[in-house]
Amino acid sequence: MYTEKVMENFTNPKNVGEVENANAVGQVGSPACGDIMKMSMKINDDGIIEDVKFKTYGCGAAIATSSVATEMIKGKHVDEARKLTNQQVIDDLGGLPPAKIHCSVLAAEAIQAALEDWEKNKEEAKTEA
Amino acid sequence: MKRIYLDNAATTPVDEEVVREMVPVFTENYGNPSSIYKEGRDAKKLVEENRAKVADALGAQPNEIFFTGSGTEADNWALKGAARRNKKRGSHIITSAVEHHAILHTAQQLEKEGFDVTYLPVDEYGKVSPEDLKKALRDDTILVSIMMANNEVGTIEPIKEMVEIVKEHNPRTLFHTDAVQAFGNIPVDVKDLGVDLLSVSGHKIYGPKGIGALYIKKGTPVENILQGGAQEKNRRPGTENTASIAGFGKAAEIAKEKLPEHTEHMQKLRDKLIKGVLETVPKSELTGHPEDRLPGNASFIFDYIEGEGILLSLDLAGIAGSSGSACTSGSLDPSHVLLALGLPAGRAHGSLRLTLGRDTTEEDIDYVIEQLGPIVKRLRAMSPLDEAHPIDAAVYEHGDHHHHH
Amino acid sequence: MKRIYLDNAATTPVDEEVVREMVPVFTENYGNPSSIYKEGRDAKKLVEENRAKVADALGAQPNEIFFTGSGTEADNWALKGAARRNKKRGSHIITSAVEHHAILHTAQQLEKEGFDVTYLPVDEYGKVSPEDLKKALRDDTILVSIMMANNEVGTIEPIKEMVEIVKEHNPRTLFHTDAVQAFGNIPVDVKDLGVDLLSVSGHKIYGPKGIGALYIKKGTPVENILQGGAQEKNRRPGTENTASIAGFGKAAEIAKEKLPEHTEHMQKLRDKLIKGVLETVPKSELTGHPEDRLPGNASFIFDYIEGEGILLSLDLAGIAGSSGSACTSGSLDPSHVLLALGLPAGRAHGSLRLTLGRDTTEEDIDYVIEQLGPIVKRLRAMSPLDEAHPIDAAVYEHGDHHHHH
Amino acid sequence: MYTEKVMENFTNPKNVGEVENANAVGQVGSPACGDIMKMSMKINDDGIIEDVKFKTYGCGAAIATSSVATEMIKGKHVDEARKLTNQQVIDDLGGLPPAKIHCSVLAAEAIQAALEDWEKNKEEAKTEA
């Protein structure tokens, strides 16, 4: 059902947890649907994602996509992270069963949600300043 | 790695003795039972001997047992056959919210054909209330179908009591029970239950897959759902599946013979498993009825985590279990049974069903208890949910892209 | 006594190689293919590998093959599924008078549901005329079902030509062919034939009984006939019959591989048998097409005697054969196929079908030819009919007590 | 399917053929239905069936019932033969499959037809005399 890479990322997921002093947090999904992903990031002033961590409630694919998606954007510029598509996540995992494609969508969306949060935080910081 | 198979409600390995009955049928007793020469007569004899064994295990007469290609076909036949045949007398059907999809989806098909179906609710333990049934009965109720034991949470329904209520209301209202999970695990006696129709399946009792049977009480008006040859006394066409019938007969015979021993063995280990899990895993809960449950069923809900992660982790540890029913575990929808028990969708996703079998050992149970705690702990550590962030408070955002259909 | 099995059209013994594929599935690879743990994944893999084998033997894509519980179920599914699903477009169905009961009785069921069915006649050899089909096609014809080869007289129908006629008339009119008898005996290629739906069965190709498959060309609108779990891509519910699927896959693989050799072997012996019988038994006649017939089918009519007496006598001599189709041999009605060929009921009763198999030997054929003459002679000596008292002159008296229903 | 006695009477049927100078002949059934039975008898002036033979077109049961039915009336008085029921034939054969009961009916009817023929022949003989 799952590729070896999915199982590897389920068994030993990278970047589990919450980034301390995160300045970007995004959470998507609903428990009724069976998946919730929460991404927290530390983005520096140059727009580089210095750290990213996830917490995921969901199936094996949800955990694995969270793991590889965070790996794919870690150390990258936010502009690059914004371009991350769910297909890239799927490709990186060597494919996903049709019923699990939505997990990759969710992972991409969680990242976008965190980046939006960062933008919003920046706006607020400006307004306050 | 040693494997521990705890999904006997999904399917069972075929008993070696059953295989020994089947193998010679393939190459030696291979005749078509409808043929009049020796090979055909031998095959016919085999079919009838094994029909008698299945009948005996169910307390039925051999001429009340009709072989089908699966438990699903037996369920379809019972519902469609009884409904369509009796529609002149009425169009109301009663079933329950916790039935297997072979019943529920068939009932929905009958709704499309113009029948009116009432889905009885269940209590928090999965029990249908005979009082509710009584209230739901109408003058035009032609059929009631309530499962004998639930496949997900193992709850045993009060069939005998409900049959009495139905027959008191109207002796001509037919009663069907899906005994696919009950057969081989608890006593199933059609006369004692008083049912008109009862479904069973081979692969849940250490027999082969692809064979089932429908008990049709003598004189019960039921239409055929498949058309073709004159097999099964003109009621179920298709060349008889002789090898599987031989296997099913043997499996039924063993099931009957070993029932008390089997029940006791499983019940003891099941109770140990339930106790062990509830004690070692915080925030865990038993689903289904605490007493009136199948002897092999141990099913749970673990807060804050989702079932598939548990299954994959158990699998890596050599343990086979299921979450929701096997048939639905491929889908995203939470189990309709757990929802019917009143669990919110979010919690229902965190379900685990372990179903014991004849060969389950005490060491197996010890090992499972030992493994489960750390697995749940690891998954919870990865989850955004916890006591401080319970499911209901979780943000529902960007979630609209994956609706259920 | 050595037995000579010449009823391979009724059913075949299971190939030893096929049995070897099946046995480990019962006790080792016993998982439920819908389960996500190792046992389930292994079972799923087995199912898909064998689906590919069946697909390959039929020239189909694996995702166009759906396993069923029998050839009968595949036929029921094709007809009911296509008819009910397309009834908005029309209610006219065309089939032939010589179809198997799995088709004919299903067509009759559809007539009860309001469909209008045309039963095309056949010529004296059992052939459907493409011209007749052309004339029968109407604007509201939604489905045509003509068998690929007849089970009783072995006549091969011009399916490819008929598909072309139908598709030229209306590309959306679906074409189904019952290839249960053709598969394994003559080349069956769904793409070459151009059909939308095609039925096959395991036990006619040295595979197990109780397993069949329906080829559904990608995109063909067909409704389900059974409701339940999500197996077979949501189209055919019920726990997958893994062992039988493994057996069917292997049998299909062997059937494809051995087809040329198998055909040549049977055809040679069949021709010898036909020649021998026609030469040694007076007043005997071949039924079915002289050339376009299944390589293993030798079917005859013997005047003045009735088929069962021949079968019983052959059986006593160690030979298994059939009269009419296996399914109807228990009934008193003469074969509908022989009647459709234009034979009077009286003569149709005197039919014998001998169907050869892979293992039939030249000695078997010699022995049968040697035995048949004296058997027919003995029965004729007991018969009140002869050249001087032919069937048509026989007194019809006191015969009204056993009408057909 | 068939009892041993049925098979025995099918394999070695008694009284096959036609009685020479028969004074009672009856034929029943139709080829369309799959069975024809013809019984011929020689009945003496005392009403004793001195000889009886059959010719049957039909299944194994038809031949077997013809055989035992003729055996059961051979040497008997016509009054006794008239009382022969199909059930007696069935019992004598140790039973028949449900689908084959009609064969026993046919055998009983063939006998009655022959006896009627005998009565008719007697009448005619009287009238002629």
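For clarity, chains are labelled A, B, C and D in written order, and residue numbers in each chain start from 1.
Everything below uses one rule, namely that a contact is a pair of C-beta atoms (placed from the backbone, for glycine too) under 8 Å apart; a residue touches a chain by one contact, two chains touch by 3 or more.
These figures come from a predicted structure and were not determined experimentally.
**Student:** Just to be sure I understand: going only through chains that touch, what's the smallest number of steps from chain A to chain D?
**Tutor:** 2
**Student:** Count the touching C-beta pairs: is A-B or B-D ahead?
**Tutor:** By number of C-beta pairs in contact, A-B is the larger.
**Student:** Mind checking the centre-to-centre distance between chain C and chain D? Centres are C-alpha means, answer in whole Å.
**Tutor:** The answer is 40 Å.
**Student:** Once you find the CA centre of chain B and the CA centre of chain D, what distance in Å lies between them?
**Tutor:** Spacing between the chain centres: roughly 57 Å.
**Student:** Let me have the rounded angstrom distance from the C-alpha centre of chain B over to the C-alpha centre of chain C, please.
**Tutor:** Whole-Å distance between the two chain centres: 34.
**Student:** So which bits of chain C are touching at least two other chains?
**Tutor:** 36, 308, 312, 330-331
**Student:** Using the touch definition from the top, which residues of chain D touch two or more other chains?
**Tutor:** none
**Student:** Quick one: which bits of chain C touch chain B in the complex? Just the residue numbers, please.
**Tutor:** Interface residues on the chain C side: 3, 5, 7, 10-14, 16, 18-19, 22-23, 26-28, 30-32, 34-40, 68-73, 75-76, 100-102, 105-106, 108-109, 201, 203, 208-211, 225-231, 237-244, 308, 311-312, 314-315, 319-322, 326-331.
**Student:** Which part of chain C faces chain D closely enough to touch in the complex?
**Tutor:** Residues 304-309, 312, 316, 330-332, 334, 344-347, 349, 381-385, 391, 394-399, 401-402, 404 of chain C touch chain D in their complex.
**Student:** Per the contact definition, I'd like the list of chain A residues that touch chain B in the complex.
**Tutor:** Residues 2, 7, 10-11, 13, 16, 27-38, 55-60, 62-63, 99, 102, 105-106, 109, 113 of chain A touch chain B in their complex.
**Student:** Which stretch or stretches of chain B touch chain D in the complex?
**Tutor:** So the residues of chain B in touch with chain D come to 36, 41, 44.
**Student:** Please give the residue numbers of chain D that touch chain B in the complex, ascending.
**Tutor:** For this pair, the touching residues of chain D are 1.
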